[in-house]
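Each in structure tokens, the structures are laid out below.
Look for chain A in each of the two complexes below; its partner is chain B in the first and chain C in the second.
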Partner chain A sequence: MAATFASKCSRVGRSLWGGLGNNLSGLLSASHETACNHFLSQQRTFIQMRTVLKVVDNSGAKKVMCIQALKGKKGARLGDTIIASVKEAYPNGKVKKGKVVYGVVVRAAMQRGRCDGSEVKFDDNAVVLVDKQGQPIGTRVFGPVPHELRQKKHVKILSLAGHIA
Partner chain B sequence: MALSTSRTLLRSFASLSPFARCSNSTSYGDSLWSSEPRAIFKALLQEWKLGFPSLSRALYCSTADFKKNELLELQEVEKVLSDVRADNVKVIPVQKHCAWADFMVIATGRSTWHVKNIAQALIYKVKQKQKGAQRLMLPSVEGQEGGKWIVIDSGKVVVHALDEKARDYYSLESLWTTGTSEKEPIQDLEKALVKIRRKNNSKKQAKKSA
Partner chain C sequence: MRLDKCWFCSSTLYPGHGTQFVRNDAKIFRFCRSKCHKNFKMKRNPRKVKWTKAYRRLHGKDMTQDFAFEFERKHNRPERYDRNVTENTLKAIRTIDKVRVTREIKHIERRMTGKKAKELREAQKELEQNISLVKAPAVLREDPSLTLPIKLKVSQKQAEAHLMEE
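Take a look at the complex of A and B:
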């Protein structure tokens, strides 16, 4: 799905490559009309305590649950760092279930405004695990990542990513 | 006549400056502040003709064309790295698959102190280049405290200073030299849509319809 930036709002769909290609792209475009109304009326908010996020690097974890958003009273947004607990992990990976890790939010369902007036939002909430100094634990990042990471000084994650929205 | 229009345009430019500061990439050079009034006038005229689309982005792009001074040029980076005696310097042109950078430079340091020194030397070079300017535009540096992987982002050129272990662990060259091959899996979607008849390996005897 190509990322198109409209003037007000832009949607970047879930990344289909990476071996998850079970979604039929034909079906999606047909049901887009009916789903569109539902999506437009849903209000997406911040990433806060108890939010489950997907892990999109090869560090070994699959799902983490946010336990603290480091900046922001209401919660974390795209490009922020969070503290999370690993809830699901691959059997032989660098992190195990139950470990407390830091992560950088690379995809968020809540829209984030860019300074030229457009907004960007994704289909899911995804995070890349880092250590306390900001070094990514994994070596590759899957799926699209936004440009906002450059401004937030996460150039390392940008350079490990394959596709930049 | 021309002078008065240039002055009014400059005033409107001054009012635009808070927007310009919030622009996405801080490292696109200091062209706004140190360029001549004529360059600003030309840029604003272009803006005006286009009907004021998006303020700061077009302004950055147009002034960057007129005065090409980046924070760090490729030759300067190579010279600094050879002065500091960094090992295994590799320059990878990534214009084709990276929209946000033109060159990636990877250098190895022998120890954490050496890696930090490489970063310091590059920043010193940038400061020297901008001697006498009113404002110093420094490139963004990440990873300075732990000396394992330091990234210096100066717009077009991104310099990665790693130590030996980190270089082997992340293997950045394999990422960018084969960057285009990651786009290929999209084509497999067409195969995924084809309906395949299930194989019938059951030993049960088929019904003989009378």
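Take a look at the complex of A and C:
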């Protein structure tokens, strides 16, 4: 009951409930009754402040926390750029822990509509670190990337990618 | 424009419908509607779910090997645009579809032949053996109007004849 309320709210509103909806679903996962169907009614939302993302290039960082989503009141989506702080890094890498970096979201668990009317979603939230000009810091990209990046002019990342979804 | 198949139920995905889920190993799962998507999330095996094409093909309910399926194989080589080829392909799609549909219907009909006769035979047998559940056999013997038509009358007459002989 509360789960459907939360999901309905986040589907309708999405503006204010973005952060709150996550909290509610977090609370519900602690309770016993919705433990099994939590993953079915899970509502994926934007990438916002405090979202931890996986880094999928060889720039040296492992985990990065979003501190600002450039463009977008509610948060960043697939293909957007974010400002992030490096939380976890490999010992010898180009970026160190605590550094503030820019990143391009290459995989998002929230579905994004394509121009033909279908929707795509990925398994996790992943980011490729870039510099202020938009050129990737690393030299390799792991995992699939969407071809929404072409429209956003991140051609370099597409050329480095192994799979284009 | 490409018409894909839903990963779960194998129905065609027209443009503007469905969602696709990209797993981290770059495998793409396309779903025609949220019903199929939710079943996928529940980790159900489509080969075990009765209403999917995969189950029907596996259990022989639908046609599996046919010449008409060869035309639908997915090719990854791009074709150079030729107006005549496109026209002929569009015409061919229509006729092949008709042929395929009629063959599938025939297959199901063939599978169902003899089912009605079998059901009738089983029903008659059940009537003969278990009529005592409905009415006691002594009552049936006393009042011949209560007996059922066809076979039971004959057997009842035989029973009477046996009684007479005794």
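Everything below uses one rule, namely that the second predicted complex is superposed on the first by the 125 of 165 C-alpha atoms of A that agree within 3 Å, B and C clash if a C-alpha of one lies under 4 Å from a C-alpha of the other, contacts with A are read in each partner's own complex, and residues count from 1 in each chain.
One rule holds in what follows: contacts are C-beta pairs under 8 Å (C-beta built on N, C-alpha and C of every residue); 3 or more make two chains touch, one makes a residue touch a chain.
All values reported here derive from a predicted model rather than from experimental measurement.
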First (chain B), second (chain C), both or neither touched by A:G117: both
Partner chain in contact with A:K153 - chain B first, chain C second, else both or neither: first
Residue contacts on chain A - larger count, chain B or chain C: B
Which of chain B and chain C A:A165 touches, first, second, both or neither: second
Contacts of A:P144 with chain B and chain C, given as first, second, both or neither: second
Common interface positions of chain A, toward chain B and toward chain C: 116-117, 162-163
Sites on chain A touched by chain C in the complex: 39-40, 107, 111, 116-124, 143-144, 146, 162-163, 165
Complex contacts: residues of chain C adjacent to chain A: 13, 15-24, 26, 28, 38, 41-42
Chain A partner contacts - residues on chain B that touch it in the complex: 19, 22-26, 54-57, 98-100, 104, 140, 142-143, 145-146, 148-149, 151, 153, 158, 160, 169-172, 175, 179, 182, 185-186, 188-189, 192-193
Touching residues on chain A, where the partner in the complex is chain B: 16-19, 21-22, 24-26, 114-117, 133-135, 139-140, 147-148, 150-151, 153-156, 158-160, 162-164
